[in-house]
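Several structures are given next for inspection.
Both complexes shown next keep subunit A, but they swap its partner, so subunit B is in the first and subunit C is in the second.
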Partner chain A sequence: MSAETTSTPIATVRAPGLLRRHWPWLAAIAIALLLPWLFFDWTKGRHSGFVLTMLSEIGLMSVFALSFNMLMGQTGLLSFGHAILFGLGGYCTAHALNAVKAGTLWLPVELVPLVGGLGGLVFGAAFGYVVTKQRATAFAMITMGLGELVAACALMFMGFFGGEGGIPTDRMVGTSLVGVDYSSSWQVYCLIVAWVAIATVLMRLQTQTPLGRMANAQRDNFERTQFVGYDPRMIRFYQFTLSGFFAGIGGALYVLVYEIVTFDTVAAAKSATALLATYIGGAGSFLGPFLGTVVVVLLQSGVSLISNAWLLYVGGLFIVMVMFAPGGIMGIVARHEPIARIGRLGELVVPYARILPPGLLSVLGFVTLVELAQLTTIGAAQNKSLAIGGQAIDPHSALPWATGAVMLIGGGLWLRREARVFRVRWDALIEEAKARGLPV
Partner chain B sequence: MSNAIALRGVEKSFGRTKIIRGVDLAIPRGERHAMIGPNGAGKTTLFNLISGRFPVTSGTIEINGQAIDGLPPHQINRLGLSRSFQITSIFPRLSVFENIRCGLLWARGYRYSFWNLLGAERALNEEADRMLERLGLQDRRNVPAGLLSYAEQRALEIGITVAGGADIILLDEPTSGMSHSETEQAVRLIRAVSEGKTLLMVEHDMSVVFGLADIITVLVYGEVIASGPPAEIRANPAVQEAYLGSEAA
Partner chain C sequence: MEVFLVSLLNGLVYGMLLFMLASGLTLILSMMGVLNFAHASAYMLGAYFAFTLSQHIGFWPALVIAPLLCGLLGAAIEMYGLRRVHRNGHIAELLFTFGLALIIEKVVQMTWGLLPVPYRVPAGLDFPLFSIYGTHFPAYRAFMLLISLLMFGAIWLGLTRTRIGLVIQAALTHPDMVGALGHNVPRVFTIVFAAGTALAGLAGVIGGNYQVTEPAMAFTMGPIVFVVVVFGGLGSLTGCFIASLLMGLIQTFAVVLDYSPADLLKQFGVTVTSATPFHEVLTVPLPRIGALLPFLLLVLILVFKPRGLMGTRDT
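For the complex of A and B:
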């Protein structure tokens, strides 16, 4: 940036250094592009397909979770059927790709996600017209019903949905703006990163528009919005429609990665994933759903390799978060802010270190019990076995069960004691921050 | 046509209970009008009818000469009427600044825009900041509104109500629950922001009412028993019996 831009404060605001002001975003894109190289197989000269697929899944699911949070966190609307917009966006994309392949449509692959977005937008407007008449519980119930309706349709209308087999497609249609044929997962991954970045930035900017702010206002106090001239129903409608656009982009990216779209993209489980990720990461902050998606997909892709019970761990994490940290991971971070601002964060290191061992012990006890249980059922059918240090563990003997139970209960009791000590310290620091006039 | 608010034969029943029993009221433009009456007289209900929160059972209400039958609250607001609530009604998770800005958006024509970036709307932001200064809340600008003190929240709500420049302002017990000094401050604020506008307020604090109002209407059991300048109301024996007398006792 030239010296002129820093001479007056106004000029600095008008022409900010792109790098200086937006470095976290650029850093995130750089990390996304560099991360796969850590798993690059130099002997065979190729990327790890597993890692690329997992990172792509994180990307496309975080777009979906962020679009879900446009309703949940920003507008206070809990949708149980958000996946229908994701899935329908995916179906539109698959049909468009097939049309390009057949030569009836010309569209560069790079712009294909827009088809998913427009599909999500159109269906978002159509469904939104119905569901946004209500808010709160009634809204949640209607979206649930709508979700079931579309999932049922997906199995009935073969032409559009392809039944249980879904709609297979091919991303190598030979139309590219940059001369790439998308035969390798790395090329697709770069396209995914680009679209995730575009969608995330657009959603972020949307929060700073009149509609985005009035959505927040509608969430806080829908009645008050009427008395400043806004129709809360229209706020919900536009917000729902826009969130459909971004959910549709997520669905389109799904199709580009997997080259098939099946009815489970519109099903309730898909909607639930967005909800879990949003809650775990934190609905109250913009990037919460992104963090939550990283956690959920890592559990889904990573832990599922070693354990049948990965979904149980996601569920357990969800329950713990809702009970003890309703603001999610980002909420926990935000609660430290006043303490950090009075410069006393260091005083929490020891209390944290003290709750860590009992915390780990109880988690370990819980995992032991869950794994033992699954070994006697599904695990047994798969001929799986558990071994610690080469020593095989028999799930039918009493000792491992007792050990697990002791770790869980003992760890839990110990954790309770330490948590009390932690609480005292924490409250004292918060009081201190309050006394210094910080809003807590 | 010169009336800002005109009520003719307005009645309101909830189930079989008649709360408002035929109210006729005309408030000319630019008048500061206070409505007093014992608890349960129907003052807040009348507010809710005028602002469109409830539909009337019978009768008509006109705002700036236009009948508001069946209009939803946001459309009545767009006719130039803005109100506050007896129980503080703000946007608790938004910052104080955002609260005021939300009160400005529709009036400044932003509608449901999802393309204007608010950070770049300098005129709008400066206007919101000026309002914060008038309210004395500039030091609390970035605090979530839910963390403000009670009196600050009441002031903020008045700010949200008047920010958009509505020419008819309805305030429902703006000083209730305030200390003496807070009340004085609030009265000064109300006088300033209602300058040149039509003000209709419900208030229990007689010093506020007699200090601010040009005309006072007394509502008892859903009926207007007197309406006139403060001196006349003070001297009215029916009013003294129904309201002021019991208050003084």
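For the complex of A and C:
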């Protein structure tokens, strides 16, 4: 049997093996390319601009969040100013595109994200030299200071940053390797998908390099890393610089999509978005930030259409995650693994079904209260009104408020009772898995 | 000279306001290791509470009630939020307060609107106290100075003369030993967190009408307070005091001194024109760099002296 396998030519074995091992990646790319066609407007013969922009935003923000997780998840460095590398990469790209347009530089549009990456790399090395002297809380503070510094500079120096107006640019410079002029957002979207795939694969491979492994070691026990003979500071420095490269690519993709780069790409809110996405998705796993970005951008694009409160919902989700599920969505999924391995996952269906209604009820109550509150102030200023089933709801009367409060508090109490039942079932199953010698 | 005196007074007022915020934050950070991002949010809430309360019951009751409300909120956050997150480590605690700051900002926007609210100086204090070289010094600023000095005295006496103050001081440096001696360290934490939040609220009450009461005030004040805490050094109230005054003076003087690096170079016979490399950097006037200086100082001090001015241990 073994003789037979070894005699098979390696190439024929390896090719299907690669396909079998890496099919999720190919499937993800296929889904990314097929998804816009679901929203294709066949009567007008064009893609939905909203969907394409949203998907592009998911793509570029997930590159940014993954590069953020190179620091947070892998190296244990919490950065509050990561957007400066994203934004500076974007500014470099915008200037490069304008130079291509003016004819002073020749560069195919397909390779323009590399400029952003190199910009991020150079700035990452320069800032990294300073910030990686520290770790833990001091690192968080120093990156915050640096972030504020760069954001203030972006408004001060007109030459490079263009002040509040930003640097407008034009992606249709006519230097394409494949003969596409990038006039439609579908063409740009294909380019974005390609670069997101390249950057994601590179970052994935980076986690398996010795540097990636030492970054994990540095995160878990930096004294022992020193003892083994590595310099934790140099590990942090290389990791920071590389993460700058990928953040810069994200910034470059931003420029290609929006054709402008303004100072809010370097501002603290951008860094916060990456942090929220990474934590909600799960910093502990490679794909967590990607998942988190999908959630955050969907909330951002979807909810912001109908409500002003999307950041409050994202913030609320974030707090819930920090308090109850520090591993994020991926962490929750991973905790089911031992139960799935003993084949008892089916027994959780009923407990889950039982906590779903009270959970939904309290979320609904929370949303009702938030929307009522914002209707009285921001919504009133925007002349918005709330109507359910054609029935207009007056935010100044007591009934809607009481309904919301009852739903929130009642749902919360009910949820607490059901959660206790769930907990008992869960603990029993985990004990069962432990008894079978599975790591929990 | 008159510019110097007036700026000195204004710088002192601003510095003492910073100290009110920073003293609570430095106690929380040194004792609990929690970098409290929501601290400046308490400052904002103090201002907004005082605005609403002063519309109904006047400024003076609000001066007492608003900080108490902030303190209660702080105690609740510590007991029901931070303690639960504590077992996941310091980074989780930091992230928790960060999320809290985001939410508080949004809630404030939803309750009081996006625009600044008309929170004004009480009529009884709205007169010029004295004039220096023709510039009026408002009585309200003197009142702010008075309040912050009283508070400074109260903190100092409380920490050095009372039993709980001594326990807090001990817990600053040796929390485990204090716990081993039978003191309820978690309760001490709650008290410090609540007191720090109340102080931030008080700073908001008297600072909200001195500056502008708007939803962005927490995110503009927060980073500066961090700078003060890091600059002063962990575990040192004296360092925090010096750093607050320094930062207040630096920011006030940067606004009034209208010079740029180009003017300095001119003293050495170098004239900066638009052809000089980096001319944009060289011709930036000092008032515009003013907002930037605290962060420059933060980066520099963390790089060269991570312990801050008078800190006893690394950040």
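Operating definition for what follows: the second predicted complex is superposed on the first by the 424 of 440 C-alpha atoms of A that agree within 3 Å, B and C clash if a C-alpha of one lies under 4 Å from a C-alpha of the other, contacts with A are read in each partner's own complex, and residues count from 1 in each chain.
Note that contacts are C-beta pairs under 8 Å (C-beta built on N, C-alpha and C of every residue); 3 or more make two chains touch, one makes a residue touch a chain.
Model, not experiment: these values are computed from the prediction.
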Which of subunit B and subunit C A:42 touches, first, second, both or neither: neither
Given the touch rule stated above, what does A:238 touch, subunit B (first), subunit C (second), both, or neither? first
Which partner does A:78 reach: the first (subunit B), the second (subunit C), both, or neither? second
Using the superposition on chain A described above, determine whether A:153 touches subunit B (first), subunit C (second), both, or neither. second
Regarding the shared-chain residue A:106, is it in contact with subunit B (first), subunit C (second), both, or neither? neither
Does subunit C touch more residues of subunit A than subunit B does, or is it the other way round? C
When the two structures are overlaid on chain A, which partner does A:210 contact: first (subunit B), second (subunit C), both, or neither? first
Just subunit B (first), just subunit C (second), both, or neither: which does A:136 touch? second
Do subunit B and subunit C land on any of the same subunit A residues, and which? none
Can you list the subunit A residues touching subunit B in their complex? 205-206, 208-214, 216-217, 219-221, 223-232, 234-235, 238, 242, 439-440
Of all residues in subunit A, those that touch subunit C in their complex: 76, 78, 130, 133-134, 136-138, 140-142, 144-146, 148-149, 152-153, 156-159, 268, 272, 275-276, 279, 308-309, 311-312, 315-316, 318-319, 322-323, 326, 370, 373-374, 377-378, 381
What part of subunit C is in contact with subunit A in the complex they form? 33, 35, 81, 84-85, 88, 90-92, 94-96, 98-100, 102-103, 106-107, 109-114, 219, 223, 226-227, 230, 280-281, 284, 288-289, 291-292, 295-296, 298-299, 302-303, 306, 314-315
Quick one: which bits of subunit B touch subunit A in the complex? Just the residue numbers, please. 51, 72-74, 77-78, 82-83, 85, 89-94, 98, 101-103, 105-107, 110-119, 143-144, 147, 160-161, 163-164
